[in-house]
Structures are given as structure tokens and as C-alpha cells.
Amino acid sequence: MALGHNNYGKAEVRLLRVDRDDDTHEIVDLNVSVALAGDLAETHLTGDNAHVLPTDTQKNTVYAFARDGIGSPEAFGLRLARHFVDSQPSIHRARVSLVEYPWQRLGPHSFARSGGGVRTAAVTYDGTTAWVVSGLTDLVLLNSTGSEFTGYIVDPYTTLAPATDRVLATSVEAAWRYAGDTGDWNELAARAWAALISAFVGTYSYSLQQTLHAMGQAVLDAVPEVVEVRLSLPNRHHFQVDLSPFGLENPGEVFNPDDRPYGLIEGTVLRDDAPPAGAAWSLRGTA
Amino acid sequence: MALGHNNYGKAEVRLLRVDRDDDTHEIVDLNVSVALAGDLAETHLTGDNAHVLPTDTQKNTVYAFARDGIGSPEAFGLRLARHFVDSQPSIHRARVSLVEYPWQRLGPHSFARSGGGVRTAAVTYDGTTAWVVSGLTDLVLLNSTGSEFTGYIVDPYTTLAPATDRVLATSVEAAWRYAGDTGDWNELAARAWAALISAFVGTYSYSLQQTLHAMGQAVLDAVPEVVEVRLSLPNRHHFQVDLSPFGLENPGEVFNPDDRPYGLIEGTVLRDDAPPAGAAWSLRGTA
Amino acid sequence: MALGHNNYGKAEVRLLRVDRDDDTHEIVDLNVSVALAGDLAETHLTGDNAHVLPTDTQKNTVYAFARDGIGSPEAFGLRLARHFVDSQPSIHRARVSLVEYPWQRLGPHSFARSGGGVRTAAVTYDGTTAWVVSGLTDLVLLNSTGSEFTGYIVDPYTTLAPATDRVLATSVEAAWRYAGDTGDWNELAARAWAALISAFVGTYSYSLQQTLHAMGQAVLDAVPEVVEVRLSLPNRHHFQVDLSPFGLENPGEVFNPDDRPYGLIEGTVLRDDAPPAGAAWSLRGTA
Amino acid sequence: MALGHNNYGKAEVRLLRVDRDDDTHEIVDLNVSVALAGDLAETHLTGDNAHVLPTDTQKNTVYAFARDGIGSPEAFGLRLARHFVDSQPSIHRARVSLVEYPWQRLGPHSFARSGGGVRTAAVTYDGTTAWVVSGLTDLVLLNSTGSEFTGYIVDPYTTLAPATDRVLATSVEAAWRYAGDTGDWNELAARAWAALISAFVGTYSYSLQQTLHAMGQAVLDAVPEVVEVRLSLPNRHHFQVDLSPFGLENPGEVFNPDDRPYGLIEGTVLRDDAPPAGAAWSLRGTA
């Protein structure tokens, strides 16, 4: 028997960083998870922890490094990932995953949690190469028209009627891989984010797959630094309610937004010359 | 033995209403719950359902009534509550509770779910009187300074150190009762909402209780139609991280936003001449 | 303007108590919430905290009192509630709410979290009287036959067909009030719990209301110490799937357990001579 | 630009199957998700859906196939996966993921949802090979002693004290890959499940990694049909509460079960001669 891939780390270290350099405070609200891999067979096989940097220490490191400021989720992740690998001989790969919760300013030192999606980043470092993946999740978008779904396969289990005007809604989960490990991460993320929204809004949709592809392509068009985009789009079905039993028409006005089941459309759009993904998407090193 | 208070109804009817009257669509996204009470002993005691309006029918009614438009959660709730009581002799009281999810416009028929709290309403009708309670929930607010907590009781179980500059954060749940059953509900809710935020931002806080009271008072000041405000404010503790083991100071910059336990501060502010609450807060008819 | 009812406290203090008195360990896993009311106007009106026992101190007290053992959620809650009121002149009422998570023994010091509902208790004390309410929640029960729903009101919004053989499922939330403040709480709770399940299983159901009433009555029959039972039963609809488009019958075998909306049936069963509820159900002192 | 890996399908089809062949009913409660891949570029690139089997049809197929009984999650998944690929030329790979919720019998046709983990299965089929992965999740285990953590790396960010007697708790997520695609799946799963629990209970633990490895090895030992085991073990920290400020000792009796952050230990144990994983773990075809 053999020990296969393994990693460990501290997950969901919650961190609020307040920048109080002047009267107008800035805040950054993060959820940081660390995963480390390396020369760790002994703790699995015998319980000898000599090569183990405790997850508690990883948590402390997150807080201590925050003392010098965050910059961006990507930059903060890069600092942490490089620290763990470069300072510990037994740690050969580190992956730092971050979620940034958005806040809207209400005053010089007052804020409200805002919606419209949360920002994500995942940085992986193996001692030589650093891979940077940025993304967003929980961005719920809806088009109240401009969507149809027709011309599909009909088999003995088909009951769906073609739709020539339907509500299209999804909760966007997107991640995009950069070619390099430097950049103005905040600006790049903002540009990708805008491209995703713009493509969703601007695409007359014959399928959610088509919308997905348009969104991925839009990021590649808008951000040359990006080489690959992955999207996961749950189809949040809005069923037009049949009001005919009550003597009423329903010309696309009354919908039941159903919870389950839901369609789930996932896809990747990448540049023809995209370099191999390496460990960008997983510490396991496979895509 | 006796049958005490009882009610029944359909909960969480999800409804998206699209107004397509012109090229720029409007949407209203609601979660509607109905609770009915009345002459219902037989179904409890013998299973005779002759007085029971099925919850499935209640759901149908929500969708059918949506055909004529929503107006506001309060107005829609009033229409529904009155319908159930006025059309069914066995139904003596109806309560319709509504949550409205906010969406931000992205285009003529494109929208993004936004954050910053969801709007709530609860309407109760007993055949004669209609009580209207409006509110909001999930509005997360944070002041990064301007808050202290000192001068409290010290007992043998006290370990808390006084704080003269702390982060104050809470997820606001507020509900306010109107004196009457008519009004421009959307405008009134917007005014109450603004008053709550403004009071949170503008109050130098010696306790979350004090902030709560200021918020309630602000609603009464801003909206004469309101006679009572109830607030539930979880204290979302942000603990200043001790960085001294790492040779670092932490001058109010690095915080751990903890999940549990949390303080929970609840309170009511009302006008001296507020009329009795009746069934405003509960179909049970007690406050 | 006036300050109305208010309370505050620490919510969701998580506590695992290990009894290691002999080689076979016992564990109790609790979630404890404290709410206090009293002479607290000053902290609301001026931010003067001289009468405030900090929620942090309440948390410490929960852990310190756990040092002497738990006994039962009810007994532990009584000790805590009495302590807060009796030791602090400004605290006039205390309510301690507890959830106990069940664990199944796997070995002398090994356990697995089990399902089948969690136990609850809520104890309120005002310096003179202690009210004890026990309960359970998250107990999901299902009868695959023995349930019908017919004979209900038909109105213009009715589309539901009568059902003479349906699946009946619910997630039981029950709470029962005791006449007194002493008892073998663990034994009493076990007896009430068994009565609830037995009544659900043994009742041929013409409506979920009828099942609710049978469940409440069963607790009163089985536990003379109980004077009132409150039940909240969401009707977890299981819709029989129409397989006729695929040339198949569905004789009550294939169901879609839907999430939303759901029926919600709530009711109270109490003894004719039940004493007034006082503050048993709410620190506000109303039922 | 290129379209990379993509798949789509219906997620979370909820299904209750009642077997009413005799007076004692049997129930199976499933959550079924389908993901399909194949010749699907056109719907992405042009919105031509001629190769798309709608997710609605996939849902119908799940319900229709349930008419013939479930057997086991694995067998039901195999039937569905083979159907989608073998009946649709454009579908080249199908993955069916299933969760089975456990119910305890209360009577001939009465049941209670039980805890102690839910069963999972994921079946992938590419027209030639079928891969079967079984597993479990949400199995929460706790040892109240028999666990230590010492001898780890100490660096400038270390504050953790060594523990020679701690509570060890985790929520087990396990998945194991079979060499073949036939077997008595229910019996095999039961054996793997028992091995996981037995290893957790029986291992004196020097690290959660060591426990993880023992659990994986136990499955390989107990089930020769399994060639690889993957485990994800969150370390649900239970912190011993410092009661010394209150003049109390705490000899391992009072613990605070904290929510976040948590350690997360992930690892794989596999046979030396395990065949390549192919698409067993992902439709993407990478491990």
C-alpha cells in the first residue's frame, strides 16, 4: 500500500484588516485557507510530526502578515504561499485560497456589507513557480427576456416544451488563470468582473452554454493577462406559472423561481497558446 | 384537554413578478408565507377538513393575485390577507409575511442580486383591523472606530478588559409597526431604512444597546406614521488579534471576526401614545 | 418616546462536557444562549453600563458552571438562570435556552453524532418563579401510507386533487411546558419524545392538523407533569411523480420531495387546568 | 481561443422511492445529479442545441428509471450513466453522483431520518469503461481521549502548546474507488463504512494525518475490491477552556468546540497495483 497525494492546512481564517492611516478608514474582509504539501509521509505513517508546521501556526502567520497590509487577495496569498515553502524545508507546495467579502462605504469609518458577488483568489507556489487564479462567486444575474431554448434532442423521456422567451438566471462562479505572477490584481479583477457581467447582459441567449462561452471569451478579450477561464453556472429555473385554471393569462409576468433540481453548466474557455496549467487549479497538480 | 391557539398556511411561496409594460422591465422578487387561523378545531379533533382552505390553494392565490401586480410587499400582503378572511367564513385571521430580495438594474431587462439587506413585511387582518409591520433583515453594518465598552459590572466571572476603541458590527433585524393600514409603503420603508443606517453611522457608541435605542428613535423621528420599532442586533464580535508573540504591535488594525458565541441585543422603542399592538406582531394576538 | 421591552445576552455558547470519572467517558454537547432583562434603561438611553453584566462574563459563567457537571439541559439552565438573577440586582429576569446534540457511543471514549432530532430546553426565572419548557427539533418523520387529505374547501383558486393515500412527512419542532420546576428532566423528556413519535406512527391521518393534535395529546397523556404542548410541523410535501408521459404507472412508488413552498401547521394542546404561562414562552412575559 | 472541457446536467434531483410490495414498506431517499460531456461544442459556440439532451429530460429519466427500483445508489447510477451515453450519440461521458439519506424504521410504514453520515456514490461511464466510487460524508466522530499532538515544527509564529491528551473530532468525508464495476454495492459500502469507524475508534492518534492513514488502510484491508481511498478530515477543534481565572482546574472536562478556523487534512491511500483512475474522480478525466 502507498500513501498518495496529501495536503493539510488551516481553513477559513477570518480576518478584518482596518487601514487607519488617515481619518478615512479602509477595510479588507477576508476568509483565508492554507493547504500545504511536501515531505509529510512520516506524520501519516508513524505520527512523527517533525515535518509538520501546525495549522495553528499557519493561522498565526496569516494574522501576523496582515500587519503589513493586504494589498490584494492575490498579493497577500503570494506572500503567504512563498513564506510557507521558502521557510520550511519540508513544505514543497503551498496553496492559499482567499475569499474577499465586499463592503460599501457609508462614512469615514462606517460600512455596509454589499452584495453582487464575492471575490476569490487561489495562489499556488512550488518553490519555483507561482500560479495565480482569480475569480468571483455568488454573483446572481438575471435577464427577464432575451433567452430561448429550442431545437434540442427529443427522446422518450422528453416533456419540456420549447421556450422562445424565458427568464435566464444564474449564480456565477468564475475563475480565471493568469499567465504570470505579477500584476495590478485589483485592476485586473475589476476588468474581468465587468467583462463577465457585460457578456451576460449583452448576449441574446439560445442556451446557457452559449452565454457561458460568451462570458469566458469576454474575459479573455478584456484581460490579455488571462489565459484560461472556468465557469460554473447553475441554471436557476424560473418557471412561468400556469394561471389558466383561474381564467388568467400569464404573458411572461408571473414566475416561480424553483430551488431544486437545477441545471448545472460548466465549461472552460482558453487561449490557443495557453501554457500548461501545472498546479494552478489544484495542489494535486492536475487540472 | 383543550385545543389552544393554532394556525396553518403555505410558507415560502417564491415569486418573481416581471413588469413588461414597456421596454424597460421591472422585477419584484418575493418570498411569501401565509398563516391562517379561525374555526379550525374540527380538522384537529376529527380530521374533518370542511373548514380548511388547502395550503396549495393559498399558493395558487398568491400567484393569481400577482397577475395584477405587486405594488409593494405591504400592499400585496394586505390584498391577500383580506381575501382569505373576507372570502372564507371559517378563516377569521390571516397573516401574510413577505421578504423582498433586492436587485440592481444592469440594463433594460438585466439585473444583479444586490446586498445590503432584504426588505420584510408582515400584514395581519382579522376581518376588521389590518395591522402593518414593515422591516428589514440581513443588513450588516460596521463601524471601524467610534465605539467603546467600559464601566460594566465586574463579578467573579469577569475577564473582559474595557475597550475604548473597538470595531462595532451587527446584522440588523428591524421591524416597525404603523399606526394605520394605508400609506406609500415603498416610500415609508425607504425613509425608515435610511434612518436606521444614519443612526448607526452617526452614533458614538458606549454600548450596542445605546446604538439600538438611537436607531429605533431615529425611525420614530423620521417616520411619523410609525408607532413602534423592534430591533434585534447580534453583536458580531471582531477581536483584536494579539500579535505581541511575534514582536508586533496591533494598533487596531488586525481583527478576527468570530462566529460564535455572539452577543444578542434586543429592544423596543415606541411612542408614548402608541395604540395597542393587537395582532400586529403575532397571529396569536399577543405581543 | 419610551423604551419598551428589551433583553440582551450571549447567544450560542458551544460547550462539550466530558465526564472522565471512570474509564468509560460520558459527553454532553450543548449550545447555550442567555438572555437577561431588568433595570437596563441607562445603557440604552445614555450608554452608562453600570448595570450591565457583559455577555462575555455570561459566557465565562456557562463554562465555569459546567465544571460541576451538567446533569440535564433543564437543570443546567436553572442553575444559570438563578445565578444571574440572584447575584445581580439589576437583572430581574433570565432566560437560558439550550440545544443538546445527540451522540451515539462507539467505544469507552469514542462517539458518533447521531440524528433523529436534537433536544431543546428553555428555562426562565424572575427571582421568584422558574418556568421550564423542554422540547425537541429537527426530528424528521415520515409515513409512507396511512395519510389522506380530502373534503377541504374548494374555491376558484383550487387545483389540488383529493388524496386518499399520500406520503406524510414533517420535521417536528415541539416544546412542552411543565407545571413545576423540579423533576427528572432526562426521564421526562424521553417519555415526551417517545409519545410524540408513537402518536405520529400510530395515527391514521386525515390532516396534518389531526396528527399534530394527536401528538400533543399523547404528550399530555404520557407525562402528567406537562400542562401545555406546542407543535410546529412543516408539511414536507412528497409529490407523486406523473410517469404517464413515459407509458408508466406510478402506484405510489416514485415521489419528488419538494423543498418550497411547504405547508406549516402550528398548534397548541393544553390541559383544561393549565396554570397561566407567565414568562415560560418568552422573556417578554407574553405567550 | 478554444473551448476546453465542459459538461452539463441536472443537479439535485430529489427522489423518494417507496417499495410497497408487501405490508412492510421500504424507502430509499436519494439526491441525484447528472453531468454529461461529449460533442457539445455547437451549443457553446452558436447556441445550436441539436446535440443537447435537456436537463429536464435527464430529470424525467431519473424518475422513470426509479419505477423499476433502485437496488443501490451505485447500481442506479450505473443504469442511468449507461443509458445516457448508449442512447445519445452526442453524449460520450456521463457521471451520476448520488447522495442517499439514511432513515431508521419505526413501524411497517413509518420512518425517522437518522444521522451518523450519509452515503454517497459517483459513477462515470465513457461508453466502454464504468468507474465506481462510493463514499460517505457528514459522519461526525469524536474521541474524548487517546489523541496527542507534539513534536511539530516550532517557528517564529508558533504559539501552540504541545497536547498530550486532547479531544479529536472530525466530520469524515471519504470516497473509495473500486477496481471493477460489479459487486454487491450495499454490502461493500457497509464493510468500508465499518472499517472507517473502527479505525478511528481504535487508533491512538499522534496526528489527524495518522488517523486518516489508518482509516484509509483499514478500508483497503477490509474490502479487497477497493483500490484507492480518499479522505478529507476537517479537524473540529475542541479547545480546553481556561478556568483558572475563576479559581477552577479543568482536567480535560470543559471544552469549547470552535467553528472556524479549522484544520483540514486530506490524503489518499492506494494499493501499489491500483489501476489508473481514469475518469473515476472527475468527468474531466484527471485525478
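For the reader, a short list of remarks on this structure follows.
For clarity, chains are labelled A, B, C and D in written order, and residue numbers in each chain start from 1.
Here, a contact is a pair of C-beta atoms (placed from the backbone, for glycine too) under 8 Å apart; a residue touches a chain by one contact, two chains touch by 3 or more.
All figures in this text were calculated on a predicted structure; none of them were measured in a lab.
Considering every other chain in turn, the ones in contact with both chain A and chain D prove to be B, C. Ranked by separation of Cα centres from chain A, the top chain is C. Two copies of one sequence, chain A and chain B, touch each other mainly through matching residues, since over half of the numbers at the interface are common to both.
Chain A and chain C have CA centres that are 38 Å apart. With centres defined as mean CA coordinates, chain D is found 31 Å away from chain C. Centroids of chain B and chain C (each the mean of its C-alpha atoms) stand 23 Å apart. Of all residues in chain B, those touching 2 or more other chains are 14, 60, 64, 157, 159, 245-246, 259-260, listed in ascending order.
Chain contact topology: the protein chains form a complete graph, every chain touching every other one. Chain A meets chain C in the complex at residues 156-157, 159, 245-246, 259-260.
Residues 14-20, 25, 27, 29, 60, 63-64, 66-67, 102-104, 106-107, 109-117, 139-146, 167, 197, 200-202, 238, 241, 243, 245-246, 248, 250-259 of chain C are the ones touching chain D in the complex. Remark: chain A residues 1-14, 33, 35, 40, 43-57, 59-61, 64, 87-88, 90, 149-153, 155, 157-160, 205-207, 209-210, 212-213, 217, 220, 228, 230, 234-235, 260-272, 284, 286-287 touch chain D in the complex.
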